[in-house]
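The structure's right below; bear with me while I get my questions together.
Naming follows writing order (A, B, C and D), and every chain is counted from residue 1.
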Amino acid sequence: MVDFYKQLVEQRRELHQWPEEGWTEFWTTAYITEHLREWGYEVLLGLKVIDKENVFGRNQELVDAAIEAAKNRGVSQALLDEMQGYTGAVAVLDTGKEGPVTAFRFDIDCVCVQETDDASHKPNQEGFRSVHDGYMHACGHDCHASIGLTLARWLMENKDSLKGKFKIVFQPAEEGVRGASAIAASGVLDDADYLFGSHISFMADTGEVVVAPYGLLCTTKYDVTFRGAPAHAGKEPNAGRNALAAACNAVVQMMGIARHGGGMTRINVGTLRAGEGRNVIPCTAHMALEVRGETSEINDYMAQQVKNIIEGIAKSFGVTYEISTMGAAVDFLNDAELNDIISDVAKTVPTVNKIVADGNFGGSEDYSIMGRRVQTHGGKAAFFICGADRTAGHHQGKFDIDETGLTTAFDMYKGIVEKTNK
Amino acid sequence: MVDFYKQLVEQRRELHQWPEEGWTEFWTTAYITEHLREWGYEVLLGLKVIDKENVFGRNQELVDAAIEAAKNRGVSQALLDEMQGYTGAVAVLDTGKEGPVTAFRFDIDCVCVQETDDASHKPNQEGFRSVHDGYMHACGHDCHASIGLTLARWLMENKDSLKGKFKIVFQPAEEGVRGASAIAASGVLDDADYLFGSHISFMADTGEVVVAPYGLLCTTKYDVTFRGAPAHAGKEPNAGRNALAAACNAVVQMMGIARHGGGMTRINVGTLRAGEGRNVIPCTAHMALEVRGETSEINDYMAQQVKNIIEGIAKSFGVTYEISTMGAAVDFLNDAELNDIISDVAKTVPTVNKIVADGNFGGSEDYSIMGRRVQTHGGKAAFFICGADRTAGHHQGKFDIDETGLTTAFDMYKGIVEKTNK
Amino acid sequence: MVDFYKQLVEQRRELHQWPEEGWTEFWTTAYITEHLREWGYEVLLGLKVIDKENVFGRNQELVDAAIEAAKNRGVSQALLDEMQGYTGAVAVLDTGKEGPVTAFRFDIDCVCVQETDDASHKPNQEGFRSVHDGYMHACGHDCHASIGLTLARWLMENKDSLKGKFKIVFQPAEEGVRGASAIAASGVLDDADYLFGSHISFMADTGEVVVAPYGLLCTTKYDVTFRGAPAHAGKEPNAGRNALAAACNAVVQMMGIARHGGGMTRINVGTLRAGEGRNVIPCTAHMALEVRGETSEINDYMAQQVKNIIEGIAKSFGVTYEISTMGAAVDFLNDAELNDIISDVAKTVPTVNKIVADGNFGGSEDYSIMGRRVQTHGGKAAFFICGADRTAGHHQGKFDIDETGLTTAFDMYKGIVEKTNK
Amino acid sequence: MVDFYKQLVEQRRELHQWPEEGWTEFWTTAYITEHLREWGYEVLLGLKVIDKENVFGRNQELVDAAIEAAKNRGVSQALLDEMQGYTGAVAVLDTGKEGPVTAFRFDIDCVCVQETDDASHKPNQEGFRSVHDGYMHACGHDCHASIGLTLARWLMENKDSLKGKFKIVFQPAEEGVRGASAIAASGVLDDADYLFGSHISFMADTGEVVVAPYGLLCTTKYDVTFRGAPAHAGKEPNAGRNALAAACNAVVQMMGIARHGGGMTRINVGTLRAGEGRNVIPCTAHMALEVRGETSEINDYMAQQVKNIIEGIAKSFGVTYEISTMGAAVDFLNDAELNDIISDVAKTVPTVNKIVADGNFGGSEDYSIMGRRVQTHGGKAAFFICGADRTAGHHQGKFDIDETGLTTAFDMYKGIVEKTNK
């Protein structure tokens, strides 16, 4: 008999070693697909589950390099061809019996963080540290993928006692909330009666389940480029149009966008790359930034302020600009009926000792895009938190989680299936 | 016989005690006018020497208050009426004999600086400290006015041995380069064959004369107002349009205007008054600023950058703006022929022990406006520096000068008259 | 019989015409005191209700001018002497019967806003516009004072059917949360079993009562002064230490303090006064600012960031600084038992048609200081909102309220007394 | 007979095709060395002419890559070994006869600019565009190297009629004024009686020679790194220490360093690389910047302000910093005696039609470091400009020069040798 709890940990650790950033998860998608097919799943890939018009923040150069790297790690050309340049996968299990369409969503990408080489870090002690330099599963999506795989295997093993259909989404590019829109727009979830998703750790420690996190922030991601004119910085600085100075002034203005009386706001300029050389007036500057708001209205306020600032700065500095949308998430609230189910299931899970009704998520999650899509089509959706102690905050090089959380999550999903598959 | 050297010091010290800022020199103008008329001068006042269209940076409220204060110090209503609300005076001496029209220009206003109450400060020791709180002759224009008065008296005493005409301009509002344009535009100097002017101290110590200072910077003075919208800073900061934040960002951008490869630039936001209350999003901000450039082209570059920044900031912050021109000066170079005269005269002045051919003035002087006007009408113009040790930099509360410089200046002007009045 | 509802409106309008800012409410205090004494109250003034050590943000020059103005409006010297330079009053009614000590708090100061002269503005139409130029009851404290007075009169009229003691606090300087600390620290409320307070309008329209507003933000108010060194802006700008530039950079940094994951933050630099003259490098800059946070911890975070920025800026610009605390409020939650009372009373008030359990206040209120003091001494405290339509946001020149709100508030207080005075 | 004028153009165009940035000119150094040795020169390389302690702004990774690239372009391992990892070369010609030591300095590095692919650009039309992507001889150092080589060949051809010694320095890393210090400190020029250098084009058009450019700005180059702490930008932005925001605020402050009354200043932050990802509070920021001043004192003022700002920003933002010196140049004036020689020679050069006594260079040149070294050791030094029309400003992708300037320069150097070699 399959030891699901062993698989949870083993596959999480395998996935941890080759983290891939959003839209480059070719090896990860192959790993997932091959296991799923081995267990008997139909797996949809590429443009079957991706709507190209709604792909945000995908970089072709990074994609090409990742495909090359995936080949070097043994992924077959045939499988890569099937992906058509787009990562992510949807596993489908049709029991053949009348019943609900139940969908699950697990995200699979990593962040661009260097994993610590500190000897006390468990992945170092137990030999499963990232070997992909500069990349790390520092947000727990390795766990999510592993939970999804284990759930898929358990569903297949228990196929005969189930009815209806199951769709398990392995979503690319959650970081930057880039990937959900493309999958939602593909329509693959439009027949779902239920969509469940979860995050591990985050705001909850080992033993806790948060049933209905609120404060999933709306967010918009922008790339902004300023273009000016170069000049010799000694000879005639006045002849230049300083894109770096423009960007720096834009940053200080954007950081200072007035807080909103209606709720939480966020602004982050995550990266800035500007200038060509020390003694040349800088003529290009690229920024990757994001705004968030507690509601769509507040997020729109932030986005509008950003646009006003960029436009004003361009005028002040005599530079031109481009703004590209790179990602988006919306606010989201669970269907109340599902909250009861989640809460009831949590009471039955051995590793859970504290059920928290709600709590402030305080971040963005593009699960919200899929959840809203399902709700719009008449289904019900919910997102919950499975607690796990962590050794450092998410997105940090020392991040690691208590793997008990994997068990909690798997047991939660099992319980949810048992409750809803009637 | 008149002791001119005694008069120089005495009148300087009388003027020092009641300093008046630009366009408010009603008492000072009365003091000058009354002495000149006592000595037999025709004195032109008010709109006879002021062109209203070219009055920059005059504040009616300050004017009204200053007229009141002048009355309280004993200035007659008749004389105030003659001034028509505009300060400054031009004394005219017509010898009745054929000869050149020789003009001199002396400025008479003060700066808004509190004079030190330090016991070691000579005006405190000898009892001639400013009694006009918050105002001080910290740029030496008390000396200039006194030199002009003494020169006038000497000319009148020596009238019989002179020929042609003399015009002695006592100019208001040099600080901020506000006053010269109005007098130049009145045409009162359009018949001048010569115009001489000078500054005391500044870049030269006691015993020095700088014949041909270069680097009289072109300058433009602006007042800028931003208007936004108020809002409760706790309840809904987003509903405001923050004029204070707009102004502060404008300041940091303006300070950072790129230096010019072609020569010196300057930018100063001298005052900023913004905001209504601690817990209200500020809805107004007023700035008094100036730009300078070594040439007209460079000054125009600076002025254009300022305008671009103000416009861009208004866009970024959703505020409106007004820009008003408050003053102007141009660049200026002495006529070479007059440099020779100044240099030759300096050799004959007992207190002069060092004659410097040129030197970087590094500031703005609206003498340049008058000098250019005279040059344009076919006359010749020159501006020189009469050295004097100072106890602190110009415009500082501890500023005082070695009064030997008064003697140097008076002797220089006497010598110049002797050389040119042929 | 007394027409309380008529008095509510009449006294509100009288108070509206002579608004006085925090710590200068000498005429207002006299108005209140004289009426209270006329009705038979003992009224405590001056240092009997003010602890000098805890007076924040009081300006002696403004106080002196306001005393002078109060005299000119007919306040007697004797009453002014009794105030000892400190505004505010506490009315005490002792029924002589055993019973609870019930306290109420009403604030009485105005904001520094110019009231609109728009003809459609009701105070203009009905002749009760502010005649104190530049000052306006644009936050409704005229209403609060009037409600307090009417409540006081009603209590006195119904004295025989009441028991215990009543203390009605007329608090100065709520704007800037400056006044409550001094009254709380005086100990005058330390025997209170109940303390009730309310705000009119704000977040609720006519007909609404908000029982338990949350989000009373913690706040700290600072005055910050930078001092640099002056210099001639043309001649040697490098010799200055630019306090205005320091302040502007501090503002842009402070506006950009990172949002807090734990809850709401606010930052406002409400006023900035910097610089001495257009052509002088500015050597002084004064800022009045405030930070807020949803909790004490978050407010402390904001305050610490401000201090770090001020210190860093001083280093960068070679200027010195002073930071003075000018006000403070804490977060506060109603005692649950009182919420039930307020809610029950609201059901009985004819003008109330909507009872809102809670709602985000999103501002600071120094009622919180008094409320916490009472809670610490074993009493119970609550703060509620009496709705009233408004014509513009609080603190704006076009602000006016639907006077129905006065009736609602008075009826609420009457009902509360009836419920609690057992 | 050698056609020197043909060689000038041919070698310039060969060098133009493989531009190498400072300290990576391995192929260029090999090209120069091989030609010189073919013509009979002794050529000193590596640590014979480089003092390691005074090497600024050399990046070992770039060096390693460039050595690899040089090998790929056919440079022998033996020659690379001789260079010991350091580029540049000094050619020595000893005539064997008593006489002066005459030195010349030519710089050989390129800038990191992409050469235009515009069809009208002459290097495109005539097939000598850079094939080193992202690198370009956009400052004319390809011309300088070619002039040096042609001069060297001419000296060797005319060896018998010359006396004394000649040293021809091919200096690496002039861009960023990084290379001269290391060669000067090696002592290789300490016996020079004369040192001549020149720049092509820059401030002079075809036909012009500028004898004594003034305004060679002192400069200091810094690399600055801020390090903060990462955090999730949505969940707890307050937990981060934002290095990107620190850098941007540092930039706006540095751009705004007060102009200096004593002369020209410059500040440029040429590059800024900050942040790790869009939704992570940025924890690193790197800036490459430079300051300049007309004199050492002014340059020191600028450098000190930069340091103050960096330190203050670190305090404000709670980040750490490192400042590394990456380059330096000093101010420099020609020996008057050599000006006469240059001027006299210019009169004899056929392509020269305008001799300009002086002019504002307005940039930095580390020739100044060598020139000062020679002057300090009792020799005489001069730097002049050989005019050439240009199609765009220096350091721009469309920059190209009129090759007539090569002829002018070669003829000038020949003439100088004829005048001084007595």
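Here is the rule we use: a residue touches a chain if its C-beta (ideal position, glycine included) is under 8 Å from a C-beta of that chain, and two chains touch if they have at least 3 such contacts.
Everything numeric in this text was worked out from a predicted model, so none of it was measured.
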Item to check | Interface with more contacting C-beta pairs, comparing A-C to A-D | outcome: A-D
Next on the checklist: Based on mean C-alpha positions, I'd like to know which chain lies farthest from chain C.
Outcome noted: D
Checklist entry - What is the distance, in whole Å, between the centres of chain A and chain D, each centre taken as the mean of its C-alpha atoms? => result 48
Next on the checklist: Between chain A and chain B, what distance separates the C-alpha centroids? Give it in angstrom.
Outcome noted: 66
Checklist entry - Using the touch rule from the top of the page, what residues of chain D touch 2 or more other chains? => result 232, 234-237, 239, 245, 249, 252-253, 255-256, 258-259, 261, 266, 281, 362
Checklist outcome for this item: Per the touch rule, the chain D residues reaching chain C in their complex are 232, 234-240, 242, 245, 249, 252-253, 256, 258-262, 281, 301, 308-309, 311-318
Checklist entry - Mind pulling up the chain D residues that touch chain A in the complex? => result 111-113, 175-176, 202-203, 217, 219, 221, 230-237, 239, 244-245, 247-249, 251-252, 255, 266, 268-282, 285, 288-290, 292, 326-327, 362-364, 393-396
Checklist outcome for this item: Seen from chain D, its contact residues with chain B in the complex are 252-253, 255-256, 258-259, 261, 264-267, 360, 362
